[in-house]
Structures are given as structure tokens and as C-alpha cells.
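Structure incoming, see below.
Note that the chains take the letters A, B, C, D and E in the order they are written out, and that residue 1 is the start of every chain.
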Amino acid sequence: MLENEVCYEATLDHDFLDEIYSLPGGEEIKRCIQCGSCSGSCPQACQMDHAPRKIFSLIRAGFRDEVLESNTIWLCSSCYTCAVRCPKEIKITDVMYALKRLAIKEGKARKGRKAAVLSKNFVKMVNKYGRNHETELMTRYILEAELFNALHFVPQGMRLMMNGRLPVMPHKIKNLDQLRKIINKVEELGEI
Amino acid sequence: MKYTYYPGCSVTATANLYQESIDTVAPSLGIELEELDDWNCCGATAYMSVRELMSFAISARNLAMAEKFHRDLVTPCSACYLVLNKTNHYFNDYPDMRSKIGKALEAGGLSYSGNVRVRHILDVIVNDVDMEKISSQVTRDLKELRVAPYYGCQIVRPEMGFDDPDEPESMDRLIETLGAETVDYSMKTKCCGASLMGTEEKMALALCRDLLMDAQKKGAHCIVTLCPLCQMNLDIYQPKVNSLFKTDFKIPVIYITQLIGIALGASPAELGMKRLGVKVSGEMKRIIEGA
Amino acid sequence: MTFEPKIVGFLCNWCSYTGADLAGTSRIKYSPNIRSIRVMCSGRIEPTFIVKALYEGADGVLIAGCHPGDCHYQEGNYKALRRYRMLRMILPGFGIEPERVRLEWVAASEGERFANVVDEFTDQIRDLGPLKVRDSLERILSEDAIPELEEAMEESGDANEA
Amino acid sequence: MRFRSWKKLWKKAVTPMKLKTGIYWGAGCGGCDVAVLDVHEKILLVAEKMELLFWPIAMDFKYEDVEKMEDGEFDIVMYNGAIRNSENEEIAKLLRKKSKTMVALGACAHLGGLIAMANFHTRESLLNRVYLETESTDNPDSVIPAEKWKKGEEELELPAFHSTVKTLDQVVDVDYYIPGCPPVPDQIVSALVQVWEGKLPGKGSVIGAGERTLCDECPREKEEKSITEFKRPVDAIPEPEKCLLEQGFLCLGPVTREGCGARCIKTNVPCRGCYGPLEEVNDQGLRMLSALASVLEPKEEKAIDELISQLPDPLRTFYRFSAAASILRRKKV
Amino acid sequence: MAVRIGVYICHCGTNIAGKVDIDEVVEFARGLENVSLVKDYKFMCSDPGQALLQKDVEDGLIDRVVVASCSPLMHENTFRKATERGGLNPYLFTMANIREQCSWVHLDGAETTDKAKDLIAAAVRRAFLLEPLTKREVPINPRTLVIGGGIAGIQAALDLAEAGKQVVLVEREPSIGGHMAKFDKTFPTLDCSACILTPRMVSVGQHPNIELMTYSEIEEVGGYVGNFNVTVRKKARYVDEQLCNGCGACWEKCPGTRVPRKGNVHEKLSLGPTTSIYMPFMQAVPAIPVIDAQTCLYLKDDQHKCGLCAKECERDAINYDMEDESVEFEVGNIIIASGFQTFDPSVIKRYGYDRLDNVITALQFEIMNCASGSTGGKIQKADGSEPEAIGIVHCVGSRDENYHEYCSRVCCMYSLKYSHLIKEKTNAEVYQFYIDMRCFGKGYEEFYDRLLTEDVRFVRGKVAEVTDVAMNEAEEGKLIVRVEDTLLGSVRRIPLDMVILSTGLEAHHSLKDVANKCNVSVGSDGFIIEKHPKLGPVATATDGVFLAGACQSPKDIPDTVAQASAASSAVLSMITREKIEIEAATAEVNEDKCSGCKLCNTLCPYLAVKFDEEKGVSVVNEALCKGCGTCVAGCPSGAISAKHFEDRQIFAEIEGIFSGLEYKTVSKPKG
């Protein structure tokens, strides 16, 4: 829709801006002046479908799907460079997180499938043990997302293993029950 | 000086060499770290990508447990440092978050009032420890060693207040205190790709390449870092960078606490040096061992 | 007959009184229930004025000043705001609904707004009903009252003479 | 306001005859009577100048005896306590009739005093609370005292419990006021001296106190004020040298007449306002509210509300002693 | 004697009479206490209407006047004057507004008449308690103080001096001229800055009506409009202004270095000599050098090593023992024209200022480009070579929440100016990195248009960073600007030889202090707050203190000069009045009641309430008070009263409104 076509207002989602704006961390987004300081600063900008600045203009115009389906949000490495430089103090990185969550929730994370798989498994690890278990995490990730590419991960794994940096057994925290109660309570309260 | 210590998951696994060196040097610096009992994963950046409130809630469990000690909470991991601080920020500045997190903690029999100060171990070393005390303990002459301090992202950004987000200098100062020479290069706060290494490897490798290249060009013998993820990307993936970009980097990437240990005369074994992917060799080896 | 409240307005000279005048020059009609008193600045308005008006018979009191940032005397309106917020806190203790006192910012150009505010406020007070503080006070006191001494003594059988 | 030493004043006192004096106790705690006793050895000197005819707390003298007196026979009557019930009021009227000078002694007679905080309640709720609801009440039959009580032959009449606490001057004409809860003994003496020296100010004046507010005699350092938080003395210990208000402790000194010697302030406790406001001030509570609100720091409605919500019970703090003398006087029903 | 109030009810044609039953109201007014006379008339404001009340006053029939007619904002003054003409104090008059706030806004009916009655009753009660007030006038000292000798101060001082008025011009630097003296060319006309400025500077230096005090600072300002007392500290310049003739012999031999050398260039660009004794720039006024005591070999320590300049000076003008000196004088008005300073970009670390050679500020570029500057007007890199590509980075420190939120207004234009100047002098490519191009003045858009044809490369985007890390051959040894070209949507890396940071304008570091001393406030942006953004842009909330130039907000030279002339004409209008009437309805502290609690001390917007330490009470300076009454409502002792708006007067009005009800309260007059 974005390319080579007239964009009809009726096809846009004009509540999108307010939706993001009302999330914690999104409170400054309406003030973006499209200066491009964020895109200029972003180490991943060139690989992104839309560099951060454009994400904000898309949000403003109501291009909901374009934003949520873009690879942009999955290429953000949380370096926060954009956020500290933004002249309007927009918490760009936090907005990226919000978009990631929205994309996962709505099943629009196609381009971020791998990252989403990694993240989801990470959550599983933490919920299961209370801590991350990197060996299991990587194994699960490879099985789920990179099965055909598995060999690719071997050299690094080996290098870690040989230097005694990959634990075999997970560490379970003692009061896992407490952690689960907290998690369940959040589930019950609902996200913000 | 006594602190509550939050190691973070990586330090117990892929970054165990970091922990080893911390254990070795902390006593000499007069830093007493008491590990927070039964701490859990802070959620890192991954958890936050799936569930926000939940990630803050589990992260706050640690803060709640730490609060009763009335001491600063110290972590060596930049990601933990960021996440715990961010939890504090969202907890303290967004009333809705605060009340929900509060309720969740309550379900676990905990409560938190938002008053734990979370600090990175670098902050503690450069700001709480007397620099002269460190320099007086230096036994190895590192004057010829050219060290490229690599700060990475999450210790200085978003602005945490103990150093400049664009031009941090606390580690530079520390390196000089240890008698080594800092290499002034522009990439010291540029991103290494972080967790993208898992999902978008090529992109992350390119970032590592730029970084290694700049450090090498400016004549660095080694890169010093303070984040498990940075260290892994630059160290374990260095061969991959070489094969992909036809480069020939052999730059050891060590932790700042390892460098401190070296300067103070600790043995490589005590510092976990043998666990490095890219081993110390050449000029650096000569300087360290020759001294 | 429906109850017609009496409302006292305290208006600052520069914005609100001028705004009220503008409603006049523009011939905008509004309820005749308000009687305004002009002061130079909303910062001059003391809580005693408001309470005094309620005591004397007002069913509602409107305070109006320049919008924040526009005060002719820079910050008088902020002082008015703070006094107003505090006064609202204690009025219920005297059995008076805080809604009977209202603070509004009315600019010199807001004649229509002034008229609307008065209409709205009048309706609101009309719904609340009459206040009649003094009525209430006098009624209560008369229940308490004992006859003047002389009468009392006479009634009790001229104790003096005994 | 500086007072001359009472001794010097004493020597100059030249009233030929002893003043016929009465002291009466209305609805009060008895503190004012004790304050009169607290003049200690000076009470003897008082006795030299005054003939105490009537003082129920200290001597036997019946109401009938008063009733028998000539109108205006008392040179001076000092009435302490507020008007709470019909007896208080009746006797106030009687004493007024029998005295040349009527003095309201103490905060209760002057302003209603502490007990006038009852005016924020109705008579019914007060009686219910006291006789039925308090935690320590044991009243299985839910008896509330009646004004008339009859058992067999015996008939007992209790004074009627008024719905509204009044100041003395709300029921009789008052010539002078001696403020304080309780008044400072020295001040009582110096007020009496004024009486027999015949150096009284205009009718209706406050005597035995200063002409400015307490801040004037308060020894603390005063600076420009900007209040960002409120604290209670239980929350923190005030710095001893600095103005309490500036530290966030709600001190009523600015709206309270001086003369007490800043008793509370000197013990690091904020003034609670017992000496009442100055003459020009119509309503002590509102005046304090206005002054206080003027110097709060925040400007935004939310921040203002947040700050003032830290005030513990503002109504009763502002009107601790002066509810009955305020413009509105009581809760409207 | 009993008070006799006269009530005059106006019909205003049918404006009032059409809605309000005049007869009924007249009847009602007659019944009011203390009213001894009631009249109604068709047009009270007409001459016969005024004569009506004037005569009754003259005849001694009444001693208080109430007119029930239109709004006081309309005719209060008219009737006050009539009252005064009749021989009564004008403050013994008051009005009831039964037109704007009654007949015009309500329907025909009993309510409207009732309201008119209430308003009249209120006015009558108020009139009963009114007190006579005397208007006071203070003379205006015709001398004016101008603080700051930039183009704003120069213009204002000359305007006044030309009109024959005395001016004292105080400048903190050794020479007047301000920023403009550092420029070579000015936008948009590109006229030579020195050519237009120097003659004015000289006129200031020579004008018989201007007393010039350079290298001086304001120490204290007391008093009020028309009568300020000023204390100025003249800093020691170690050169006697009377003796020196500016020959320059001293600095030619001076071994001290104010601006040291680094390689073959100076560490800092400088307009004047880089020695310890120096002239700020060659056209300086006064043309007297000054010794920089920090670097002078004689003055910097007790060794007194050098002393060469004293030997060189044939007129014995050098005086190493000179000390700061205090001067006091009186003026009637003050114009603050102390300008701005530029933003220090070293805090934006990613732009590399202070770290990377050839990253310079706009002001440095101005000096570099100035024919009399240290490079002789040559645009060159730190190593002396000519740059091949220059980038100009807009909005440095401006429009950025991390630094200054506001737009600095002039940097877009001077950046364009630089493009042109660079193109004129070198073969370099020029890049403009901008967020928005703000060219709104007369001839500005045309200037932009012209630059578009001069092959300047425009890139819309805020520069992310300036780095020296080369990614390819072409970038080797260059400064690289990384920026998103937002119009293309792609990130660009542009290799350059020189980067000019268009630093914004910010309030001068001394401005807050000057403002404090002059009793005016600065806003959150640091600039002085004008009286009204539209209608009082040259005045301040304090009478007698005016503003000109960039101390009010960033502005360019045309706006600065316009404002300076406006300020001087505002001052002239004050001076020609000779006297100024001071508000009579002011606040007043009853010293017998004030406890010195200081609660009121922060309340007055004009700082009119001050604490008198000696008496231990607060006092209102009536010359400063404007009668808002804020302090009155704040005083817990009731020690402050608002003349003409006293508590009891307002209480009486309230009682009046309700006097129709069964119960009545009557406030008593004072005493």
C-alpha cells in the first residue's frame, strides 16, 4: 500500500497513534519533529524496512500493519542511541519494545519470527527455572527457528563448551513458587 | 564497602570468567559483595519483548528482596544493570505500573518501595574505590599495553548518570590508573549487535567488524569490556567475523576486572584467562609476561 | 415556584470582569442570578470573602481570574487556585458542598464563556438547592435559646424578691 | 509587645477599695481556674486588691447568693469556659447583670475553645457517639441522658444540652477578653492590674496579650517562605532555630495573638492558635488557610492537591480553638 | 458628621431604561441608608449628566458619589474626574454596573430590576466606607541607563542622546560592539558589518550626551521608576583611559600570550592581538587596550617579571596598580540590552567539538572569516590548508529538549550566509544539514532562494554524529557526518574537511543577575520576560525598566534595532511626561500589626514588599506596588490593607447585595 499507490485515508488506522501514545513510555511520541536524528544514529537503520524516524511518521499517519509487520522492530538491538539523542526525549527504544509486543500479540511478527522465538523461549526458561539456561535456550531456539541452519551454530557452541563456558545443568531458584505467584498475579491483573 | 550483589544469569554461565576475575580482584579493592539470596533472572531484553509488566514484576522481585539490606545493589552485567534500573524507572514514574507491580509482588509476599539504587560494578570501582589505592597496588608494568576500552550500549544509555552517553571516560581513567595506555577510538560506545547475534547474525557480525577494525587501526593490543554479551560477541564470534569479512583479527577481548587482576599481579588462572576464545598472544602476551 | 439561587461572583479586573463586560457588549444573555464584585486580581480574593458571601445569603460563589500564565499581575491567579483548593477541603466540615464554590479562568475575550459558565453554574446550584447558612444557624440557635434573664426570673416566680 | 514586670505595676496600683470579684466556670476543662491559682504567691497580692466573692471551684457561695446581690455589684466577673448548655447560658446572663465589668477568660469563653470543635457535629451525633458508640461504652439499654428525670418522688432536671457551642459574647455583652488555653498566669495578673489601675483600653478589647501575632515574639529565625511539604511533629523533629512553618510544620503562630511567651514554640511544638486572631481578622481559620495557601510551592492543581492532602485534618487544625467564633460558626444542617 | 451619599441612575437612552424599571430603582435607592439624594438622567456620561453630579458636590449636598450606569472600565475615570471637579476626592466615588452586567445580558423582567437594585445597594454600602486617597506623582530623572553596548544598546543610547537626553552606557567588555562587531557580513543583505556598525560605535564614544563606561558591571540598582540609584563597578584595565591614545606600541612588544599558538595557528581564533595587553579588535571603542591580568607576566604573580609595556608607552598610560572602582549615579529609566551568548557545543560530545580539529562553532567561523581576524579572513583548516568540503550543522543546542527547547531564529539564516561566504572565497562544497529552514524575514526567503542556485547541497536531517572513523578510502582523514537524509529516507555518511556548528543563542550568563538587580524576571528559557508578549514587548513588569535586543529572546539585527528604537521611544515618552503618577490604590502595611513573619515577602510580583530588618516589619514600597492585593490576602495578621479594596469595603459590598433579605449585617467604618 505504501509504494506507488495513493493512500486512502479510509484504509488507515487513525487510532494507532493514540494507542501507542497511551502506553507507558509512549507519552512523547506525538511530539516527534521528524528530524531523523534517530535514524542517523541507529546502527541497524540501513537494514530496516523503515528506519526509526519513518516508523514515527507511519504511526502518526496510521499505517498500523506496515509498522507491526516491519522488520524494523526486530532489528532494534536496544542500544538506546536514538533515545538519548532524540531532541524531543522520545523513548524510542521503549516504543520499539511496545511494538514488538503488539506484533507478537497480533501474530504480525513474521519478519521477527526468529527474534520472537528466541524471546518466547527465553520467557519459558525464566518461568521454568527462575533463571536463564543458555544451553537449553539455544537448543530450543535452533530446533524451533533454525533447524536447517543448525550446523551454523556449532563452532561457537564448541568454542564456549571447550572453554568451560556452557553449563549443562540449569539452575533452578529455590523459591520458584514465589516467582510463579508473581507471574500469575500479573496474568490476572493484565498488562497495561 | 559492602554491597548486595546481583550476578545475573550470564555471569553464572558464558561469562563465568568474569565472575572468577571479580572474585579475585574485589577483595583487593576493598569491595565486599554479598550475593542476593535466590535472585532470579532480570528478564533481560528478551522478556520485555514479550511481556512488559511481567518482566518488570519479576525483575522487581530482586529489588524487593534487596531493599531490606539498605545497600546499593551491584551487578557486573550491563543488561541486568539496564533492566533493573528501567524497572525502577517505570515503577517509580508510572503510578499504574507501580500499583500493579506492587500487587504482583504482594501475591508473592513481597513489597517494594522503589528505593534500591542499582549500580554497575564499574561505577562502584571508579567512584567508590580510591583510585590511589588501586594504583598503589599495581605490580605489573603495563605501560606499553594499549587498551581499547569498550563500553557498549547499556551501561551508558539511556542516560544513567554516572558517565556521558556519547563520550564515557570512567573506564579510560581506570585503565590509566592501572598503568596501561588507553586507545582513543571512536567506536567505544557503538553497538556490538547484542542479542541480534542470535537472530540476525550477519548484521551483528558487521557491527563487530567495524568495532574491531577501529580498535585495531588505532593500535589496540586488546579490548576491555564490562558486559557478558559484548564480550561473547567480540570474542567467541571473532573467528566468524574473520571468515565472513576476510579479516584477520586476533584481538583478545577481556573483562575490565581481568585487566585489574593482571595489573595487580594475579595469575591468569585466577582470572579465568584460559576461558577466553581469542587467547592472549603476541605483543600483549609479551607485555604481560615480560613484566 | 422554582428556587432561584443567588450567586456572588468575584471577578478580577483585567480578564474576567472585562470578559463579563464583553458578554454585555455582545448582548449574550445569561441567568440574572449572579451579582459580581470587582477586585483588581484574583489574588486579592480571600477565602473570607467567599465564606462571608455564603453566610450572607449566597447559594453559590464564583471566582474568576485570568488563565494561568495570563495574570495581569503575573501569578495572582495561582494563589487564588491554591486558596480555592484548600477552601474546598474544609467547606464540608461546615456542612457546605464544595461544589457551591467554583473557580474558573475567564479571559477578556471570553464573553461567551463567561455567560456559559454563569448559566452552567446557576443550573448546578439550582440543582443543589438553597444554602441558607444563616437560616440554619438561626433555627438551631433558636432551639437552644433560653428566655432572656428577666423573663426567666419572672417566670420562675420572682426569686429576687424572696 | 513588651510587658513591664508585674511587680512594678503592682506597686503603682492605687485602687482604694477592694474590687468585688467573681470567677465562674462554664463549659471548660478547669484549666483557666488552675491558671488563676498558678499565679502562686501573687494570689496573695491579688487578694489584697480584690475581694473574691464568688468562685465555685474554690469556695462555697450559692447561686441564690448571687441572685440576691444588687445589679452591678461585682466590680468584675471573669467567666471562663464556653456556653455549652442552658446552665452556662443562664448563669452567664445572671453574672452579666450583677457585674460592672465582664471578662471572658481563656480561649473557650473568648472563641469557643477546644470544645467548640463539637460544632462540626450535630447534637444527635455527639450524644450517640458519647453514650452509645465509643469503644469503651457499656450502655446495654442505650440510655441517653434526658433533660428531665423522674423516679418516684425524686425529680431531677438537667441543663439542656445545646446544639451549638457559643462564645461568651454570643450570649452576653462582654467588656474584655483574656485569651489563652489556658491564659498565662502572668498575663492574668497584668490584666487585673489594668483593671484596678483603671487603665483599660476600649470596651471589647483583648487584654493581657499583645497587639501583634505570635511570630513577633517567636524567637525563631524567619525567612521567606515556600512550602513544599507538610510534616507533623510526630514525623520529624523540628530544627530548633528555624521557623516551624518554613520546615513544613503547620504552625498557627502567624494568625495567633502574641502574649503567651511562645510557650509551645519554645518546646519545639508548633503554635496551635489558642490566643486567637488579631482584631482585624474575621476568621482565624480562613485567615490561616489564605496565608498558608499563598506560600505553597506548587502551581498545578494536581500538585497542589497532593501537597494539601498531606495536611492532617485541616479543618480542626485551623479551627482548633476558634470554631464558635468563626463566620460560619457551625456545621449547617 | 453623617455621610451623605448621592446616587445617580443612568438610563443610557433605552439601553438601561429599556430593561430596568428606573422609577422602581430610584424609589429603592431613596430608601437606602445614608443616601441623601437620588437622581436619574438620560445619559449620565454626557456633559450635562456629569454637570449634574458635579454641581451637587459643589453645593455640598453630598460627600459620596455612586453612579449606576455602564461598566467602570468604560467610565470610572469620567465620573471620578467630575467628582474631583466638584471638589471631592475622586476616590469617594464608586460605580454600579447595571448595563454591561445587567440590562444588556438579561431579559426584560423583574429579575433584571432586582439585580440592578442589589448592585446599587452594594455600591452604596461600599461608598459609605470609601476613604479619600491621594494620587502621588514622582518626578522622572531624565537620565537613562543602558546596560550592554551591543547593537541594541548602541542604537538605544544614540536615539536618546540625539533627542538631547543624557545616557550612561555600561558595557562589561573592554569595548562596545557586542556580537555584531565580530561579523564580517550580515544577512540577508550581506552588507559589511563593520561598515554599518563602526560609525555608530564612534558616535557613541564621542557623543556629548553619552557617558560610556566599558569594562564595567552593574553592582546594585535601587529605587523605582523615575528615581533609580545605580552603582557600577569599573574593572581595572591597567591602562589609563585619559592618557592612552591607542597607538599600539605596548602590544607590539608584549611577550605575554592571551591566546597561545599551536603549531602555526592560534589555539583560539581572535580578532585583536593575541598578547596579554590587547585591543579586543581594531575598531574598538574606546580605542584603549586592556591588560589580561591572568596571563600578563607582570600581574599574574608577585614577581612582577615584565613591565615592558609600561616602558614602551610614551604617554605613561600603563598603571599596574589600578584597582576596581565603584561609581554611583542616578537615572530615571533603565534599558537592559545585554544580549546573549552562544551555546557551548562541547557538551554534545557526539559532534566532536573540542575533540576533533576542524569542528568549529559559528562564532569561530565569523572570526575566521573576518578580514581583521587571526586568519586574515582566510577560511582554512587547523593545519592552514583550504577545505574542500564544509558541512554546516543546524540547530546545535536549539530545538532540543536536552539543551534549549526554543528555536534560535538566526542560525538558519547565518548558516545560509556562510554557504555564500564560503562559496565566494573557496572552491569548497558546502552542505547544509537542517531540520527546517526558517527564513521568515523580509528578504530572507529570497536569500534562501539565491543559495539554492549557488549549488549548496541541502540535506534535511539532524546530524546524528561527527566522527573520524573512516569506512572507506574516500573517508580517510576526513570528518564524517552521519545523518539521515529524511527526504530520501536513507542514512548518509558525508566526508568533510570542516564542520561548522550553528550554535544557538542563549541567555548571557550574567543576565539573571542583571535581571535580579533590576527587579525583573527571567523565564524558564533564561531570557527576560517582557511585560506582554504582544502589547508590551519592550517594557517589563517593573515600571521604568525596558528591554532591547537579544536579552529578551534570540533575534537578528533588524529586529534588535527595531526593538532598541522602540525602547528608547518608550523611555522618551516617560521622560517628556516629566512626572509619573503612582497608583494610589496600593497596599499598605500597618507597622503596629505586622509581626514580621515574612509570609508576604515572596508574594508580590513586583517585589514591592520588603522586610525592614531594622524595624522588624515588612513594608510596601508604594512606588512599586500596583495594587493587586495578593499580599493583602496573604497576610495572616491582617496587617496589610489594600487601599480602595479594603476587606471591610468588600464585606460591605457583599452585605449590600443581600440587604434585600430579611437579615442584614452592617460593617462599621474604621475607628
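Operating definition for what follows: a contact is a pair of C-beta atoms (placed from the backbone, for glycine too) under 8 Å apart; a residue touches a chain by one contact, two chains touch by 3 or more.
Just so it is clear, the model here is predicted, and its values are computed rather than measured.
Peer 1: Looking at C-alpha means, what's the farthest chain from chain B?
Peer 2: Result for max centroid distance from chain B is chain D.
Peer 1: If you tally contacting C-beta pairs, which pair wins, C-D or D-E?
Peer 2: Result of the comparison of C-D and D-E: C-D.
Peer 1: Quick one: chain A and chain E, Cα centre-to-centre, how many Å?
Peer 2: 50
Peer 1: Using mean CA coordinates as chain centres, what's the gap between chain B and chain D in Å?
Peer 2: 68
Peer 1: If you average the CA atoms of chain C and of chain E, how far apart do the two points sit, in angstrom?
Peer 2: For chain C versus chain E, the centre distance works out to 40 Å.
Peer 1: Can you list the chain E residues in contact with two or more other chains?
Peer 2: 350, 465, 603, 630, 633-634, 647, 651, in rising order.
Peer 1: Which residue numbers or ranges of chain D touch two or more of the other chains?
Peer 2: 282, 287, 290, 294
Peer 1: Show the residues in chain A shared as contacts by 2 or more other chains, in ascending order.
Peer 2: none
Peer 1: How do the chains pair up in terms of touching? List each pair.
Peer 2: Every touching chain pair, ordered by label, is A-B, A-E, B-E, C-D, C-E, D-E.
Peer 1: In the complex, go through chain A and note every residue touching chain E.
Peer 2: 33-42, 45-46, 50-51, 53-54, 85, 87-89
Peer 1: Using the touch definition up top, name the residues of chain B that touch chain E in the complex.
Peer 2: 164, 166-167, 185-187, 210, 214
Peer 1: Any idea which chain A residues touch chain B in the complex?
Peer 2: Listed in rising order, the residues of chain A that touch chain B are 24-25, 43-44, 47, 74-75, 77-81, 83-84, 91, 93, 97-98, 100-101, 104, 114-116, 118-120, 122-123, 125-126, 130-135, 138, 141, 145, 152, 155-156, 159-160, 163-167, 171, 173-175, 178-179, 181-187, 189, 191-192.
Peer 1: Please give the residue numbers of chain E that touch chain D in the complex, ascending.
Peer 2: Where chain E meets chain D, its residues are 592-603, 616, 630, 633-639, 647, 651.
Peer 1: Quick check on the complex: what are the chain B residues that touch chain A?
Peer 2: It comes out as residues 9-10, 12-17, 38-41, 43-54, 57-58, 61, 82, 90, 94, 96-97, 100, 103-110, 153-154, 157-159, 165-166, 189-191, 193-196, 198-201, 203-204, 207, 232, 236-237, 239-240, 274-277.
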